[in-house]
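Some structures are shown below for you to check.
Presented sequentially are two complexes of chain A, the first with chain B as partner and the second with chain C.
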Partner chain A sequence: MTPFSYQRPDSIDQAIALAGADSRYIAGGTNLLDLMKENVLQPRRLIDINGLPLHDIEETAGGGLMIGALVSNADLAWHPQIEQRYPLLAKAILAGASPQLRNMASTGGNLLQRTRCYYFYDTATPCNKREPGSGCPARDGRNRIHAILGASAACVAVHPSDMCVALAALEAQVHVDGPHGQRRIAIEDFHRLPGEHPERDNTLGAGELIVGIELPGEGYASHCAYLKLRDRASYAFALVSVAAALELDGKTIRRARIALGGVAHKPWRIEAAEELLCGKRAEQQCFATAAERLLQGAQPLADNAFKIELARRAIVRALSEAAGGTVR
Partner chain B sequence: MSENPSAAGAIGTCTITLVLNGEHRRLEVQPWTTLLDLLRDPLGLSGTKKGCDHGQCGACTVLLNGRRINSCLTLAVMHDGAELTTIEGLARGAELHPMQAAFVRHDAFQCGYCTPGQICSAVGLASERCGYSREEIREYMSGNLCRCGAYPNILAAIEEALPAVRGQKQEDAR
Partner chain C sequence: MNRAQSPLGQPLDRVDGPLKVRGQARYAAEFDVPGLLYGAVVSSAIARGRVLRIDSAATEALPGVHLVLSHLNRPPIASYDEPYEDADAAEGSPFRPLYNDRVLYSGQPLALVVAETQALARHAASLVHVEYAAESHQTDLQAVREQAHPAPAEVPPPRGDFEVAFNAAAHRVEGEYGTPVEHHNPMEPHASIVQYQPGGELLIHDKTQGVQNCQRYLEQVFGLQDRIRVLSPFVGGAFGSGLRPQYQLPLAVMAALALKASVRVELTRQQMFTFGYRPRSIQQLKLAADGEGRLQAVEHQAIGQTSRFEDFTEHEVEWSGMLYACDHVRLGYRLAPLDVYTPLDMRAPGATIGVYALECAMDELAHEVGIDPLELRLRNYSEINGNQGKRYSSKELRACYRQGAERFGWSRRPAQPRSLREGHELIGMGMATGVWEAMQMPASARACIDADGKLLVTSATADIGTGTYTAMTQIAADAMGLPMADVEFRLGDSSLPQAPLEGGSATVSSVGSAVQRACAGLRQKLLDAAQQSPASPFTGASPDAVEFIGGRMCLKATQHAVELKRIVEVSGALESEAHVEPGEQRQQWATATHSAVFVEVRVDEDLGTVNVSRVVSAIAAGRIVNPKTAGNQIVGGVVWGIGQALQEETLIDHRLGRYMNHNLAEYHIPVNADIPGIEVIFVEEHDSVVNELGSKGVGEIGIVGVAAAVANAIYNATGKRVRDLPITLDKLL
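Coming up: the complex of A and B.
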């Protein structure tokens, strides 16, 4: 690792005042240190935010929950309110990484983890995300784990998080504070598609700090499922994942939320696909129609065409599981 | 702020205190020293292994304030005041920790490289709300790889020792 200096502020204002172009915040460190060891990132200064008061989970006036940015992935998944009211989120988190990593990883850090594209990690190769304008070897190289939706000529990387896929289906809000004050960003608008600027994963501004994630009151607790498909049964990133959430009235779908992981530069959600399900009976046939709509425009690369069929089937299965009742 | 790494390094060394395997320690660390490198190198606690150095294998698992973590992906300087237990700190004198004893009884290793991490991880598991069936133990031990493939005996050892380790922890908590 390239040497750096270390600071540990104990207030949000101090942390933000310390931030600059040569610095990075560090929370769990599980992604940042990994990338620093590979020289993908070389900050001159680390600002340790673990001393900030962002470790709590609290109920909001609106009947939802506010999750502090420093709550660990493990504490979040095993929190009684999350288990009971937002099992989709608990399941998605527990499908990711390992128990050790989940003890370390923070809520804010999980949102900001970088892609696992091999070329992004390998500083001996070009990569538009790492070094804008240098090229994308993945497009014509090894691209089995890459995007089938929303990619650009400049970048075919996918966002690797499981947690964020559930947050997309749950329509969470990201609360941030920064040099220009506080704001909240809908999860939908937080991560971005690569376009011509793949170096920007999200819409967070310079020096901005995630302070928390707000969950709305509706958690789809009775009818949700998280299905993750990967190369081994555990401790591997998703090739395709599906967060499915339904609100049912008997057998009739009142509301549906579906988000996909492992297929795009951000959790993939298409509201039109969800609307196709409203008022329909919860059955395979309409699930297949929704899957078709979600995957409309999918473009395979040389090695990842399998993901389209895998995603199609995964969507139908996750919706069927959700319709059958959340497995506790 | 300096642009020069060596100058940044000069701001460098920090003093931290740790309760390491029950002993109070005052230590000088450079900001970029991982907890794993601190343990193995200056402290000579080489029981904690470096397998991948990237969070992918679990060989470096230690217990930080009682919770299992990968010591390769965290900085020593971030843990001023913490309580840290490594494989060297589990036995009570000559008496093996029940998880260690179970690994010996079940012959739960071949080369032994993953073993300290497996044992620390299993002890960490005993404080968590999971691991109550064979299937669950497999899932919640998936952060520890064994290149020798000693999994069947590792699983048997953990399954046998978990109830006793859980019981002991509940008693200690009282």
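Coming up: the complex of A and C.
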């Protein structure tokens, strides 16, 4: 670990004023510290934001919820409002990590998790995300866990978060503050595809700080499911995950939201696939059609072709479960 | 106290349990030493080549860095192979750390940075820049399988005529099975603290399964006879990874000698993937049977990977020549050298992968013949180890089959695959046999009793979490008729009486026998001492005429008794040391432990996820000294077997020649949520041949057969036969 200085500001303004090119904000540190120990990241200054007033969950004027960036993943998942109104989010959070990690990890930090690509973590190997221009050994190497959608020649990594997959389906807004003031970013636009610049996971500007996540009023509480497929029953990242949310009128689908995890550099959502479901009866046939649309253009690598078929089946299963009513 | 209350065979709590749960048990890296310096290892980034230059200018410029050690400036070490050959060495030329500029594998230690804190050492090590002349490498066993050479192992010679018998048989199956590289990954990383003593002697805390093995190795490699003492009182898991001295140990010694200071070297989790491991294997099985399922021909050919400098061998194919009765058997074992480190014994080495292949092939044969897999095993039951032509000293495998099947409910297994279903889940049941050697090695122990009636028993063995402290205390307490609380057992100190490596399930058998013999000697000395006092009622009594019960020595005939401490108050402390060699009676017999493992799985038909829902493991291992600690061993083995079947694999990028999932987030082993209820049955088995205790050891047998039982259950559930481990969900889609 490279030596660093450490500061703990009391206010958001102070924190932002401290930020610079070689600094990082730290909250739970569940990912950042691992990356620093392995010299994948070498910030010279850590700005500890745990003292900022971002620990609350409050109702918004629009009938949704505003989640402070420092609410822990555990507190968020077990919050009564989340359990009752946004069970999809609770399920997704509890499908990730371990109780110990969820106790430490923050809501804002969850959005900023780095990929679990083996090569990104090993400084003895090239990696365009870690060292732009050095190359991507994963593309022709060990890529069973890598992307089937939206990858580029430069990077085939996937985003590891479960929480973000649910946030994508729920159409959350990310509230940020920074040197140029406050703004909000649709979750859709927060994470980005790798393109030529895989070193950039998201669209945050320099020094910008996530202050909260806003959930809209609609939580699809009665018909949602989060299905995560992985190599063991707990404490493993998704090979494929599906957040499915339906608004039903009897058996007829009024609205559908589907997001995929483990398949791309960001939570994967295709509105056209969701529109295919609108007005249809909630049954296997149309679920399969939506799955086809979601996976359109999927490109397998040497070891991960199975993800396409797995995702197809997982989408159908998750939509079926959601249609059957949220399991509480 | 009567015999029925002997601690032997009781499910007692671990005697070291309170120390461990209170954090008072100190592990190798945890000793406070004044002036301790910390070493961090710089590992090779390439798999093969030469080191051209080690640029450590930035490192050495950091205040608090004391030394950058490499092949260029290390203290002198031995220049012949022999001094490096430890008690578990493979054939060949053992690895020499920091010996020269050659890079033999990715992850090889190339330098050690020594600094005043651990954090500084690690940071400083990251600033060392190594320039290489890389050469082309090969790490893929599959790519060089045709070039494999015969393993330098005593594989049993062919018997009968395999070819003719195989071709003439009514039923035949054949298949190729693959098992991946796995790493031991004990919870405690390997670490050594070398305490530099004023006279230049070295007092060393090391994580090891053999303190005397490490002591001898260091004496020979550094020419430091009689100046080294190695301590290892507690080991946080090892599973074979501590059988050979690992490189952090000689590195720490080099730094201590160079600086005349105390030095600690602890490996990172990533570096736990830079030495021994379970080798990848490719195994071909051919089985043939007559119409009733009687085995007519067995062939088991295995190819294993090894390093370019040593030929690592394990007992991989032998099991196929001894587990069942068959007259026509052909076994073969070859090795392919790669640009990797030498493999290393790992939990039931050889059997874990060899029996996996055999027991899956047996399941395939049962299906082919059309009989129940358990019935197939019973029809081929053998009282004789066919490799040796010797009868087993004891073999209660039939009882394992019977009791295990009953407890599991094997009779409810549907013969046809894919016939049990619940919702999306297909349910399947599978079974397999397990087998391991029942070994005994030469070992010594010393027993000493003081005037308080406290017994101290010592031997330079290890407790790697297996329960050695507890089992030896029980054996000694039983032998002396003392309560457990009056007995202390010490281990993990190279200055104690000689003991073998703790491995191969032989510690109770070997060290336990020495403890028993030392205690017998001590009983004789107590009797002798009692007879010294005038008018002793014991005068003239033979050892057979007395018994030791409840802290007292009693004349059987008159029940006249004296407290042991009264004898010692007069005589002064008494001591007896014993050395026990494996008994000659063993020569005429085959000795082995056996198990029958029954597994139920639930497989999601659409998604391929496998959930092991029930396991019953029935074990025949002679006398069980402590059913609680022995039960722990079996449960741990079963958990590992489930991991072997479904999850474990060290992934290599063959272009880089490097392991890629070298951390515990990406190297998957079972978590609690993967583990069902596991029932362990110890069947009664009496054995008067294996050793005086009649105890065979249980460290390995728990894992053997489990992966096959899981794979066979998956076949029963899905009709899919996956022969390459691990069986991840993609293989079942």
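Operating definition for what follows: the second predicted complex is superposed on the first by the 328 of 328 C-alpha atoms of A that agree within 3 Å, B and C clash if a C-alpha of one lies under 4 Å from a C-alpha of the other, contacts with A are read in each partner's own complex, and residues count from 1 in each chain.
We take it that a residue touches a chain if its C-beta (ideal position, glycine included) is under 8 Å from a C-beta of that chain, and two chains touch if they have at least 3 such contacts.
Since the model is a prediction, treat every value here as computed from it, not as a measurement.
> Touch check for A:S5: first (chain B), second (chain C), both, or neither?
first
> Does the superposition put A:T60 against chain B (first), chain C (second), both, or neither?
Neither: A:T60 stays clear of chain B and chain C.
> With the two complexes superposed on chain A, say which partner A:T203 touches: chain B (first), chain C (second), both, or neither.
A:T203 sits against neither chain B nor chain C.
> One more residue to check, A:R313. First (chain B), second (chain C), both or neither?
In the superposed model, A:R313 contacts chain C only, not chain B.
> Applying the touch criterion given at the start, work out whether A:Q84 contacts chain B, chain C, both or neither, answering first, second, both or neither.
After superposing on A, A:Q84 lies clear of both chain B and chain C.
> So in the superposed three-chain picture, is A:Q296 touching just chain B, just chain C, both, or none of them (first/second/both/neither)?
A:Q296: touches no partner chain.
> Counting only touches as set out at the top, which of chain B and chain C does A:G29 meet: first, second, both, neither?
A:G29: touches chain B, not chain C.
> With the two structures laid over each other on chain A, which partner does A:Q182 touch: chain B (first), chain C (second), both, or neither?
So A:Q182 meets neither chain B nor chain C here.
> In the overlay, answer first, second, both or neither for which of chain B and chain C A:S134 touches.
Touch status of A:S134: no partner.
> Of all the chain A residues, which ones make contact with chain B and with chain C?
Overlap of chain B and chain C footprints on chain A: residues 1-3, 37, 233-235.
> Looking at the complex, which residues from chain A come into contact with chain B?
1-6, 8, 20, 22-23, 26, 28-30, 33-34, 37, 44-46, 48, 50, 74, 78, 97-101, 103-104, 233-235
> Where on chain C is chain A touching in the complex?
Residues 43, 45, 106, 119, 122-123, 126, 270, 424, 606-609, 611, 646-647, 651-653, 655-656, 658, 660-663, 665-666, 668, 670-674, 728-730, 733 of chain C touch chain A in their complex.
> Would you pull the chain A residues touching chain C in the complex into a rising list?
1-3, 37-39, 116, 118-119, 121-122, 124-125, 137, 140-142, 144, 229, 231-237, 239, 306, 309-310, 313-314, 316-317
> Would you mind writing out the residues of chain B in touch with chain A in their complex?
1-3, 5-6, 8-9, 11-12, 14, 30-32, 34, 53-55, 58, 61, 67-70, 73-75, 77-78, 121, 124-125, 128-129, 138-140, 142-144
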